[in-house]
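What follows are several structures.
Both of the next two complexes hold chain A, though its partner changes from chain B to chain C.
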Partner chain A sequence: MSTTIDEDVATGSATPPTKRQKRAARIADAASGGIRSILVKLLLLGIVDAIAVYAILVLALSQDWLVLAIVAGVTVLVNWIYFSRRTLPAKYLTPGVIFLVLFQVFVLVYTGYIAFTNYGTGHNGSKEQAVSSLMAASLERVPDSPTYRVTVVDQLGTLGLLVTDPNGDASLGTTEQPLQPVDPSEVDGGKAVAVDGWTTLQFSDVIARTNEITELAVPFSDDPNDGAIRTPDGSSGYLYTSNLEYDEAAGTMTDLSTGTVYSDIGTGAFTAEDGSEILPGWQITVGFDNFVRAVTDTRLAGPLVYVTLWTFAFALISVATTFFLGLFLAIVFNDMRMKGRRYYRVAMIIPYAIPSFLSALVWAGMMNESFGFINQVIFGGASIPWLTDPWMAKLSVIIVNLWLGFPYMFLICTGALQSIPDDVNEASSIDGASAWQTFRHIKLPLLLVSVAPLLIASFAFNFNNFNVIYMLTNGGPRDTGAPIPVGFTDILISMVYKVAFTGQNRDYGLAAAYSIIIFIVVAVISIIAFRRTKSLEEIN
Partner chain B sequence: MSNQQPIPGSETGLLEGELGEERDAVRAGGDPALARRAAGPKRPFRFGKWFAATGWRHLVGLVVVAFALFPVVFVISSSLNPNGTLTGSNALFSQIGFDAYARILTNPQVPFTTWFANTLIIAGVTAILTVFLGALAAYAFSRMRFTGRRFGLITIVVVQMFPQMLAVVAIFLVMSAISDWFPAIGLNTHIGLIMVYLGGALGVNTYLMYGYFNTIPASIDEAAKIDGAGHARIFFTIILRLVAPILAVVALLSFIFSVNEYVVASVILIDTENQTLAVGLTKLVSNPRYADWAAFSAGAVIAALPVVLLFLYLQKYIVGGLSAGAVK
Partner chain C sequence: MRVNKKSLLAAGAVAVVATLGLAGCAGGDSGEGDNGASAGGTLTVWVDAERVDALKGAAEAYTEETGVEVDLVGKDNATIKDDFIQQVPTGEGPDITMGAHDWLGELSTNGVVAPLELGDSAADYLPVAIDAATYEGTVYMLPYAVENIAVLRNADLVAEAATSFDDMIAKGEAAGLDQPFVVEQGAEGNPYHLYPFQTAFGAPVFGSGAEGYDPTDLQLGNEGGMEFANWLAGQGKNGTGVFNTDIDGDIAKQSFLDGTAAFWLTGPWNVGSAIDAGLNVAIDTVPSPTGDAASPFAGVKGFFVSSESENKVAANDFLVNYIGTEDVQLELFEAGNILPALSAAAESASSDPIIEGFAAVGQEAVPMPAIPAMGSVWQYWGIAEASIINGEDPTATWEKLAADVQAAIDAK
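Presenting the complex of A and B:
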């Protein structure tokens, strides 16, 4: 493949095109594109730009300048690519590359970053968010609070309070925006009831949105220690203050009821001298803490070791069992005189055609210890703990994965066997080799050459074969000694999933650290694979 | 095996058969010479020789078919069982009825039809867009020469080794950040999930397509170019039609992948009525209070049927794709 469509973009063309040639190419190109395709192009770009402008507006409102800059930059780049004449390959690559960069490359890099943070339950946001949510959670009504007369107002779904203080001055604020003086557009009996730009809620609306309104806490000022105005009924408000006091200069939180001082000691949460924390905390980078914890905390290190060993064992045994069964069947059915081979083949492909999550769920039902088909019917009422004993569960996983995987190996082995040239057989039989010798010393090595890359790919696939583990045993039986929800048949990827998304505490940082381990293994596998297959060298 | 299988009856096929038989006859303890003679035509049928030659293969075949199909038979039988429990499903085909199908389709607590529709929409749209994005990229890599082309191809081969599932934590956090700005394409939306799946569109399939695009002679492009067709017209009206088989394979593999995908789907789709079959059915049977095994089996049969039929219908294309390195 050395021909190019557009010589303009060829990097290795011998002589640069002359001015005349360039002009001729331009005219030809313009003549070939109809007015319709130009309209379609303009329409599509118009839609993309409209969405981008909307996105930029939203981002500007929430003041995320970095993301805004990226969106704007990408939009300009896309427009340039589709209007310029000199970017032909980019026109075809850009749509896929945008998704690839965001949801494949960026997320892999971001996983690496998360592994160095304490991200997880109780450590979800910034320090400011943690402070305001701590203060809001501990609000209590000031016993001698004056009564503020309030009117509930709405702007595009955001509720606000129009507050008239005892002096008759009006001010307006929302949960996000502290009270600020306003000029009310309508005053009824000394109480401000309407203000420009906001809709006053009618009594029926107040009733309908009672829950939202009673949750509303409008900060009194920029200083969170000043407390907030809340209204229990939508007409009179009272001052609430937190029983925590935040000292921004010292970075401490003081519990006013007990007098305990919690300070920021760099662990991502306010911590008292006795080590107790108040949550939520905030997100910080913790360096290698997650890795150190995974390896040195004995309750975590044990599970990590046996899960890693089992992941390797599971992937290796799965590849070996499926390959040998598949190869054996390929040899058995590779006989032209055998009748009905087609039907056997279809029957054997069925396990491969069924979505694997369904097969695994059905097997889980059949392997149920007390009611399952296998124990009740095949073993005549025995109670073999297929899924509940640590070792039996491992065996069951292997059996089910053999069932799921042997058709694939059968198909590729059949293909590989049939592509071995037949003169090989002829030559070896003339030389006096027996059929077994021909197979062992000639056919098998030839077969392995073509199948080896697929075996490596199969290993990589089974290394992360989440579905069969999760649907069949859910990683169980559960290891009750471990502080994370991990079991004896969990592989690394299912452990990542469980640490991050199941159980009481989601620990994204630790889960990401486990992911890094998988990255390293997968990277090593791919290096080996590329060394063996030399597939990268074939790219010209 | 579309292209590799020797035609039965042809010289290649016969030779293959002869040698295979000899090998097996040796293993079975028989005399190869005898077995070879047994293959000759028009001789009286003798069981021993038939068995040594091909009969034992049928025996192996029957055992394997039993192993392969007994879970399938079990699930079909229990889906026809009006009695809902797992124990009641053990007597195969003791009762035949379609009550379980009616239950799974109409139970208001189990939005099975919604899951089914969600799955078809998500997997279908993902498959179509994956094919489109992949074909665009493969066209550029196959037909154009530009700086960074080799680097781009190598990147794609390397990236495809790292499935998106590994980055599920980061995907969740990115999507929840997107939700804060644009709830319509963030967490708990189908568009959001499809966008995530499209991130894997180039990685897995472009290389497969690139190989196939290279088999289409470039002289076709040149002829069209001389006739005045622009690059877009060449791509959309000529090349895309010539590479239709690989488009079908990639679409099907992508479809099956999305139907099977659990990790990312379960994290992004939160509400029950937004979920896919994989997420919905898994959560359904893992709920200890749900004891209607027959209804689940009926759901499993309905869910598996379209995929299995599609698979069997297109199997010769898929097998070609498999050998090129796609693993389910």
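Presenting the complex of A and C:
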């Protein structure tokens, strides 16, 4: 790589290079160990290309042409960028851009797409899949019908079933042709296994033609109400009747036992005139329905107000408490008179180093009312309802989040404080400012210039701090008066989780719509806040 | 000259890239070759990671017999259901997955599960297992284990089984224990573990008909339910204090292991740790607070076939004729210590007194409802019980519970 850079620098000058310049460039090439870096570059690109070729093969086999085209295009582009001599900036940007697209842009776009579909429980696949699944589920074995021993046979590509009934009589039929008695040419242990004019399928043939055999239903007689024989495993057959009929031309599903006609009215499920649906349905795009439901859901009317207030309170208080504790500690440990500062600093980082999932669970255990460490040991057996009283639970969440969050603020404040030159201190003390005045009017504003954007990021993070809430209280204590299972420490994102994923219901469309709404709220707040912090920069 | 050197390098680059590319091709080819070698294709089976080894024997036997490869994929139990529902429609899902019967409502509503014909072998399974495997009149699951809770008794502290709930508390107190009986609850309650007591008062969640539980017949709020609520209040914070929402699973376990509790209402999954702790454990039926039997929920574990499987014939054959045999059911039993669902295997397994104890309780157990309406019940049930235990008015709370659940079911 360095070779190329050198060349670009050399050739980038406005006038065409003279012979001497070229020679100089060549010498520079040799001096910078160009060959080795080129080999490294080739090796890395080779690995990338090998992976891409493998991916293309796999994609071709599964016939994913769109993804294949994208992979091939990106690979060619990457190769061009790194072999070309004119694309210096792109060489630096490409890896980052690829990962950004893969892990951020794609996820965002996909979430956006899901928000406009009805994807969720009961609307999980395509219409085709829903129909075949409904038809399979509608089969009912005729009560008290026996098990028939069957052999799958083939005549010029048409499959048939050679059926031996419990009396030992053989008959043959296909999907078109109802069962007719036949004389088997070979009987094995009372089961007819071959008949003239038909080829008997061996087990491996049966496996190979699974899809045809799953579809194979041989009518028992000319009367369709008698049902049809199907074989789930290629050796035993059972008599089934179906209580649903699908009319592909009309797009309707008819319940044969009640006569109700369900039709596709564009809601992603077969719907009867009285509005009842049969599930599974299928996935469709529903426009802004999810957003409309998200803001007009009457069950949310009450809880939404206090959950939103608490979310803002939680995020603001979390940022404020962690920042001031972190700042206080940073100032204290920044004082030269303090002995053993290095060890204290390491100790301060510990909460940051433990995964927050784990520490939230440990805190939940310690805050148990009758058995927790805090009540039992620290308060000598008091029963303080840390997690079960609405206000105490809110306090507990903030305490735990303070514990989890202050090391980060401590780190950034320490860094920012150390970058403020000592002359500022000296100058202000010469001017007769007190320590507080120095801090309040000189250090803090200087600190905020570099720290304010991080505070905004921290606010956005805490606004959606699902982990702490979910692990510590799971939103509880529950608000028993609310029509949804929302609790007093639920923030917006954890409430959305509960609304979209209650019990056995998974409503991905609604969840995606809510996350987009929350994203917009956070984005607007952040943009406004960033605008205002610009004024801080003018101090410098 | 310089141009020449560059073109040489470019040629080298092409060579390196091509070689590596070809290496990639070769890898791909050999992968395909493996699949092609087996005449009958491959069955992909998602299995709870702890039971992969138990199924290896059956998988190998099946490959030997039929030439169909069985690819056992160990999955995390907690994510297997959602993964299955999401991946089946994309065609990336497995042919068979291991699961539990109470997933059935969700799997069937999403259309990801195919019916399974057990044929005559259905009679070889425990009745509760077949009931649980049936949803809206159709069998969807091959059952392999039946799981229910029972009372673990520390036989060194209390020598004899309790005859009733009050007798249990009395016996435990006679042994000098403050909190003789523990059952896991939590801030949001735990209705699964309280259900035996509720049934003893004659209050099932749903009434049942010929096709299983009837979602239109909510029995939760009947007269028995009210009696249960009042009894629960009497055993809660303002009463005897037998039930405590601060006792979660870990605390209940610890007090039984420490010997501060002699009775522990829990499932077979906790027996191992009690025996490892050197306790003399006996398994009793759940002591009833009334004269009637206290029936816990039975959870039945089994295998489902994907509705999008390309190998349904082999999948059916493998499940019904291989997993449904006594040997395989016993292998699975060894791996999880849960009563096998096949009657013959259940009998062999019951030579172990612990399993026999659970099996005896299982006789009284009822399958946990798999209908989607059950989701609406879970949502309110535990929190209502927890607030009754913590001293809320039992009648009003229980009435609100029944009303909330009914409203949630009607809203769907």
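To be clear about the criterion, the second predicted complex is superposed on the first by the 291 of 540 C-alpha atoms of A that agree within 3 Å, B and C clash if a C-alpha of one lies under 4 Å from a C-alpha of the other, contacts with A are read in each partner's own complex, and residues count from 1 in each chain.
The rule is short, and it goes like this: contacts are C-beta pairs under 8 Å (C-beta built on N, C-alpha and C of every residue); 3 or more make two chains touch, one makes a residue touch a chain.
Predicted model only: the values in this text are computed from it and were never measured.
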Contacts of A:Asn467 with chain B and chain C, given as first, second, both or neither: first
Partner chain in contact with A:Val58 - chain B first, chain C second, else both or neither: both
Partner chain(s) touched by A:Phe324 [first = chain B, second = chain C, both, neither]: neither
Chain B versus chain C as contact partner of A:Asp233, first or second or both or neither: second
First, second, both or neither for A:Pro95, with chain B first and chain C second: first
Which of chain B and chain C A:Phe312 touches, first, second, both or neither: neither
Which superposed partner A:Glu369 touches (first chain B, second chain C, both, neither): second
Chain A residues touched by each partner, larger count belonging to chain B or chain C: B
Chain B versus chain C as contact partner of A:Gln129, first or second or both or neither: second
Which superposed partner A:Gln504 touches (first chain B, second chain C, both, neither): second
On chain A, positions contacted by chain B and by chain C: 58, 365, 368, 371, 474
Chain A partner contacts - residues on chain C that touch it in the complex: 2, 9-10, 12-13, 16-17, 19-21, 23-25, 27-28, 32, 39-41, 66-68, 82, 85-86, 88-89, 105-106, 108-112, 114-117, 119-120, 136-138, 187-188, 244-248, 250-251, 307-308, 310-314, 316-317, 320-321, 372, 374-376, 378-380, 383-384, 387, 400, 404, 407
Contact footprint of chain C on chain A as seen in their complex: 22, 26, 38, 42-43, 45-47, 49-51, 53-54, 57-58, 61, 79, 83, 121-122, 124-126, 129-130, 132-134, 136-137, 139-141, 147, 203-204, 206-208, 210-211, 213-214, 232-236, 238, 279-280, 365, 368-371, 387-388, 473-474, 476-478, 480, 483, 485, 502-506
